[in-house]
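Here's a structure for you.
The chains carry the letters A, B, C and D, assigned in the order they are written, with residues numbered from 1 in each.
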Amino acid sequence: MHLRALTLAAVLAAAGVPAAEPPPLAIVHGTVLDGLGGPPVPDGVVLIRNGRIEAVGPAASVSMPKDAQVIDARGKTVLPGLADLHVHLQGGWNGIDNDLLGYQRYLDALLYAGVTTVFDTGNYAPFILQLRQEVAAGRVRGPRIYCVGAMVDSADAAWPDLAYAVSSRALLPEMVRRGKHGRVDMLKGYVNLSDRMLRRLVDEARRENLRVVVDQWDRNGSPDLVATGVAGFAHMPTRRMSDDDVRAMKQANVFAVTTLTVRESFARTRLADPALHAEPLVTDTTPPWFLAELRTEAARPLASTEAAARDAAAGALEEAGRNAVKLLAAGVLVAAGTDAPYPGVFQGEGLHRELELLVAAGLSPLQAIRLATHDAARLLQADGEWGSLRPGLKADVLVVAGRPHERISDTRRIELVVKEGRVLDRASLRFDARRDGGHRAVPGLFNP
Amino acid sequence: MHLRALTLAAVLAAAGVPAAEPPPLAIVHGTVLDGLGGPPVPDGVVLIRNGRIEAVGPAASVSMPKDAQVIDARGKTVLPGLADLHVHLQGGWNGIDNDLLGYQRYLDALLYAGVTTVFDTGNYAPFILQLRQEVAAGRVRGPRIYCVGAMVDSADAAWPDLAYAVSSRALLPEMVRRGKHGRVDMLKGYVNLSDRMLRRLVDEARRENLRVVVDQWDRNGSPDLVATGVAGFAHMPTRRMSDDDVRAMKQANVFAVTTLTVRESFARTRLADPALHAEPLVTDTTPPWFLAELRTEAARPLASTEAAARDAAAGALEEAGRNAVKLLAAGVLVAAGTDAPYPGVFQGEGLHRELELLVAAGLSPLQAIRLATHDAARLLQADGEWGSLRPGLKADVLVVAGRPHERISDTRRIELVVKEGRVLDRASLRFDARRDGGHRAVPGLFNP
Amino acid sequence: MHLRALTLAAVLAAAGVPAAEPPPLAIVHGTVLDGLGGPPVPDGVVLIRNGRIEAVGPAASVSMPKDAQVIDARGKTVLPGLADLHVHLQGGWNGIDNDLLGYQRYLDALLYAGVTTVFDTGNYAPFILQLRQEVAAGRVRGPRIYCVGAMVDSADAAWPDLAYAVSSRALLPEMVRRGKHGRVDMLKGYVNLSDRMLRRLVDEARRENLRVVVDQWDRNGSPDLVATGVAGFAHMPTRRMSDDDVRAMKQANVFAVTTLTVRESFARTRLADPALHAEPLVTDTTPPWFLAELRTEAARPLASTEAAARDAAAGALEEAGRNAVKLLAAGVLVAAGTDAPYPGVFQGEGLHRELELLVAAGLSPLQAIRLATHDAARLLQADGEWGSLRPGLKADVLVVAGRPHERISDTRRIELVVKEGRVLDRASLRFDARRDGGHRAVPGLFNP
Amino acid sequence: MHLRALTLAAVLAAAGVPAAEPPPLAIVHGTVLDGLGGPPVPDGVVLIRNGRIEAVGPAASVSMPKDAQVIDARGKTVLPGLADLHVHLQGGWNGIDNDLLGYQRYLDALLYAGVTTVFDTGNYAPFILQLRQEVAAGRVRGPRIYCVGAMVDSADAAWPDLAYAVSSRALLPEMVRRGKHGRVDMLKGYVNLSDRMLRRLVDEARRENLRVVVDQWDRNGSPDLVATGVAGFAHMPTRRMSDDDVRAMKQANVFAVTTLTVRESFARTRLADPALHAEPLVTDTTPPWFLAELRTEAARPLASTEAAARDAAAGALEEAGRNAVKLLAAGVLVAAGTDAPYPGVFQGEGLHRELELLVAAGLSPLQAIRLATHDAARLLQADGEWGSLRPGLKADVLVVAGRPHERISDTRRIELVVKEGRVLDRASLRFDARRDGGHRAVPGLFNP
């Protein structure tokens, strides 16, 4: 059965809409990447039943059920659904403004780009908790959501609308209680927390089996922060890391999320790239007015302080790339993430850019893919649930044209997205002014 | 032209959806209540053009345009759209849980009940600001929204998700800045702020032409709070107010919002009333599962501390009723509000209940209606824009069966809702499981 | 034996220097005021042994030990040592500056004026705790000291050097712990604490058997504050108190300390009174340079805001006097205190001025004296230890020329001060530049 | 003239008591160490007039005034008065308890040990400011005092009685204002401040020409802290410093104070050393009851956590010694300090121990002496005023028996202390129970 035919004629269901269990689904003849970094399997089969992977391997090794719907992926590559471990689902596209009502647009953009899991690392707690709940219940269409709820910051919270302001360590048990109340997946300590507060937060959280991820801007990667007991850094460090610094992270079992794209955003190189506006993952999912605003922003003359910040960001991007290579070489757990949305960092498309930047920094394509699949799941302690193509795992599967293990940008050439065993109707995920609510963002607060 | 025919055959537009200006609309032969408390005008005409009231008065005094669409309100009463000056549009129906995604349901319930304006007195700032923006732009269907953004509370914010936590007075300028940034309609100081912080907040806000409304629970109405310079109380005081206390409010020009319904909710009398489940304004707009949950809650045996709180609330309700009468007699500005949602306090229906409670407390029906129309607009300094039936004002108009100026409960018998000149399709505002997103709330945080 | 002869020839001991127990001491032939407000006893005897009162009453009723040293108080009045229940022993004389090193000077001034007990209502905790300890141990000469340690205020402490800054209620247990650690006699909640914080502080303190006294400036006496559960007000309210307000204090068993003198200081009337500079209790105990500075301050032209504050203070003084009368009439516990030091409010002399102001406000002299003796002890829950002339109590006794129960200013005419049974050498308590350290204050911090 | 004869027969003046200017004073025939680290000058002359050094050099190079009082220092060594750049003049000897009233005892102990300058790095602001003032005015006998006032810490101040608790960065200008108000010599940021708060504090302080010294315990020396812009560390880092770390300090021109003695205190080795109780600088200046308490403390069995802390401290001491050598080698400004008082770290004696520990760590005796003289003055930006033996500088001069440039412990063999040109009567600086106030400390607060 021809793929195009399938999606047109027999789309099984829109993601998340509960329905009778579909028949088994077999994706055949494609090159299979398992997400674990194993060697590509030519002429592989991925067999899916009841939302989970039933079998995977060379054609010869998998016995095909009679009732299977078959998708022919000849000449294509089959890989796990991607995960972006650093997003903020509060919309706005510029990183500060808030578009809560427009959530369907950016959830669709993620699915459209093959991102089947995200980790929201700071949001309005009730909003992200409800989004997570509604997606899980199948009432909202979107990728699987993990979240930290609101961040924990000092009384001078940098993001007043996305953080709890903590004036005293005596309030930390209350912060952990809030996290438990919302059953968040991790807590996030933000930039204004002192190291001693972080350490206490880690201790309090540990009692409740919660881990703490941290973002402290230019301090990320600091051995001082590693010593607080945090589980990881929400960004790849952008400072020069010595071998000792890398070792400290490894010894303390501290992870890092890559987010090279947000550095590129600050460096404004992506913004200025006309190719961005020709990229289907962008143009198919983004309202025209936004792209126009982005062009305006890209063309805007910068003040000298802005230009200096831009130049510094270019350096930070390079440093982050080098650190990613070093950390991986040292065996530190690293997963891919973008920090979308920021100018030029799109939900969905951003992750593909992230993979490209990682490869540009020195990773092999297979390594980069692993960071966005199996290692992402490991970071979330969910690698027994999703993240790779192994029997028993949830069937988040992509079919892409080309050979992304050789040319990373081929991850963009998505032809099929399967989330938990269901083939998504990608056409319905496209931005369509007739269906879109047309919501505009409202200005957000940021006090660095 | 028959009303039913009109709405079936020629519904002009869904509220808020921009379209070509409709022809003039004339509501004729009804008894007209102007919202200002003036005597009912029998056989009156309300003529609407371009979203505003063009003329109002006895039939003889208004010349009818040829192209007017005419609505015959014979035997009915015509009055201004109602305003609820104390709501929280974060959903959940029980007062604590959050259902941000389900906003359309409760906005519809408000419109369905003829509530064309609300004052949200505490919410997640980006959410309520965007709701306000989207309704104003016609992209979301709902009543006109005023809001305070997030409340300002101490470092121990009682509603951590609905307030900014302020640990020092040195941060008050920042709080005002946030309010200005969001162009909120007022600031709200909450229960943990000291009187001195409130005074400073008032001073800071004044510099930016912002007023401060306050809720300090059992302290509302206190002369000490009046002395801080606040503009008003978000609740009717529930403590015994002496003549001196009343005078202090009058002299300082301090307003109060009634919110008797929330006291009734705490007293659990409404919850236990089977009539609630027969009330169309409730049953037409509420999902069955919620009503089932409400019945379960109503039947739940109470712990002794809960029973004591319930009994105290019954006393508070009486006290608040007495205070409403006293304040009005003294010339204090009072407007109607409910604090919806709370158990048994519904968005929309709650306001009708509020009017009934006010009349039960001793107000005349015309007084009660004025509190929910013209005086509500005065409180928001918008009485030149809406709130009464006067030429030039925005045409928010209700047609109800019966004579609410004689029997206040007739406000419930709504037949027509006009918002800014557009007749709403009430049928489309009803809860319909096929259209409803089915969203469920997530647990909220409250730390008294 | 003649009094003068006694003090010159046979001074028993400097206060606080431990020594062999002195022989019994009998003060005879004076008019005895018991401090309880009972009728003056002519030709009374006060018999003292081992630091305590052994007997008191009409001459006929007391059997005189043979070895008694006898003081003839014929034509004089015998009364309990006085107590000032609102002082700050941090020196400076102007109310803001700090002269910690000069403590002996102001402790001496207190004893010289017959003040044998003080309640320090806010100080640097380690300093006042050590002063209290050293006086109790007899290593420093001074009146018996009770104290609150440092005050508890918000993060914006008005007196940064005399208060703990509390940013969250989660820190209140720590505040109580600090008080217990120092074994303070009461906690003091200061002006920036919200009513809810105060209530929590009261609750926390109660668990440790500590009471909370409060000063909230113009809010003192407010029923709202009474409702927090505080034990009392550190100042007489200066606002108009209604009968209800007074009743609220009585019902809640809330005390007040008078501090009319500090109002007089703010009103600048005392400052401007040349008689101040002729008053021996002042001139005998105060360095000349300070009196010169005071004259300069008195002569300084005031800015218009200062003049307005001065005029307001004159009104506050009157209001406070009226409130003192009302509270006493209602049976509220009131004790005398000054808030020394402030300009024109001297340690020691200030209390005599306080008594005069109380009589001017309408109290009888006996009432005023009771406020500075027995009622002061009651307030500190120490009336079983000191404060009146009753057998078994500590022998703090004054002999004054004249009849203070008829003319209150006669309390100033002190001839003999006995503290815990020891006659003080008043000559050695006078300011003497040769013995004085000559210390000057350093500027203090006050952020209203 | 024989030294003993001089001090017995003609003591010029007690330190700090203003008097007529003494005649010129010539210290002759001693080996002169200039404090700058220059080569010892045999048979040198130090000529003092009007409180300052008039000339210094080989005998031949200095012309002797006829009226000079001559001190023969043959066989002895002449060096600048010593400075301890980390003390807390709040007494208590155990590091936590407070003995404010006993200040004269510890000021005397400092002078007795030849410490003529101290830097108090955290105290109750009014107390230390007044001590500084009174010593400067000659009304209190003691070493020259520099101070930071109270430390700046977070809302969870580790030393609640010695720090201002800062809950928000919005309060930092107020903190700097407090420092300016007291004309402190530097500000001190303490352990709970976040790096971002420190950076802001540094920026605010810079506007007022104030520097910020920091203590962040195990984080001292961290490049992250160096990056905040602090002027220096109040302690020698105890963590392993890499070459990069050292370079960061050098490049940022960040100083460190040594405080090896406090590590030795925590390691409890000094406490256990019987020699401590035979050391005249200790026994001459310390009350017997304290030494008894110290013996008791030394003999006390330790809990296992205490033993672990003790062992860690031994490692920290070694690390700190290594760091001192490294920092000096790299050209970082280092000055000597002790953190007295702590168990076994005495005011005065502690500094001699510090010098011994520095030499044990690898410094030459001349280097160590320079850290306590000229480099201490440089750190305080006062090397043009005191700290070395150069014409024009204040004459703080010691004469010691022996040759401390060869055997560092000879600094203990003090025979003469000159402060600002006045020879101190060391006999009067000894502890004398008859003159001592006998004050005992009160328990202090420490919340790590």
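To be clear about the criterion, a residue touches a chain if its C-beta (ideal position, glycine included) is under 8 Å from a C-beta of that chain, and two chains touch if they have at least 3 such contacts.
On a predicted model such as this, the values are computed, not experimentally measured, just so you know.
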Show which chains lie in contact with chain A and also with chain B. C, D
Among the chains, which is located farthest from chain A on the basis of C-alpha centroids? C
At the interface of chain C with chain D, does the proportion of residue numbers present on both copies reach over half, so same, or stay under half, so different? same
Note: chain C sits from chain B at a C-alpha centroid distance in Å of 55
As a quick test, compute the distance in whole Å between the mean CA positions of chain C and chain D. 41
Just the number, please: Cα centre separation of chain A and chain C in whole Å. 69
Shared interface positions of chain D, touching two or more other chains: 155-156, 167-168, 170-171, 174
Arrangement of touching chains [line / ring / star / complete / other]: complete
In their complex, what parts of chain B are in touch with chain A? 90, 98-101, 103, 124-127, 129-131, 133-134, 137, 139-140, 150, 155-156, 160-161, 164-165, 167-168, 171, 174, 178, 181-182, 437-445, 447
Within the complex, which stretch of chain B touches chain C? 154-156, 167-170, 191-197, 216, 219, 222, 224, 242, 244
In the complex formed with chain B, which residues of chain D make contact? 155, 167-168, 170-171, 174
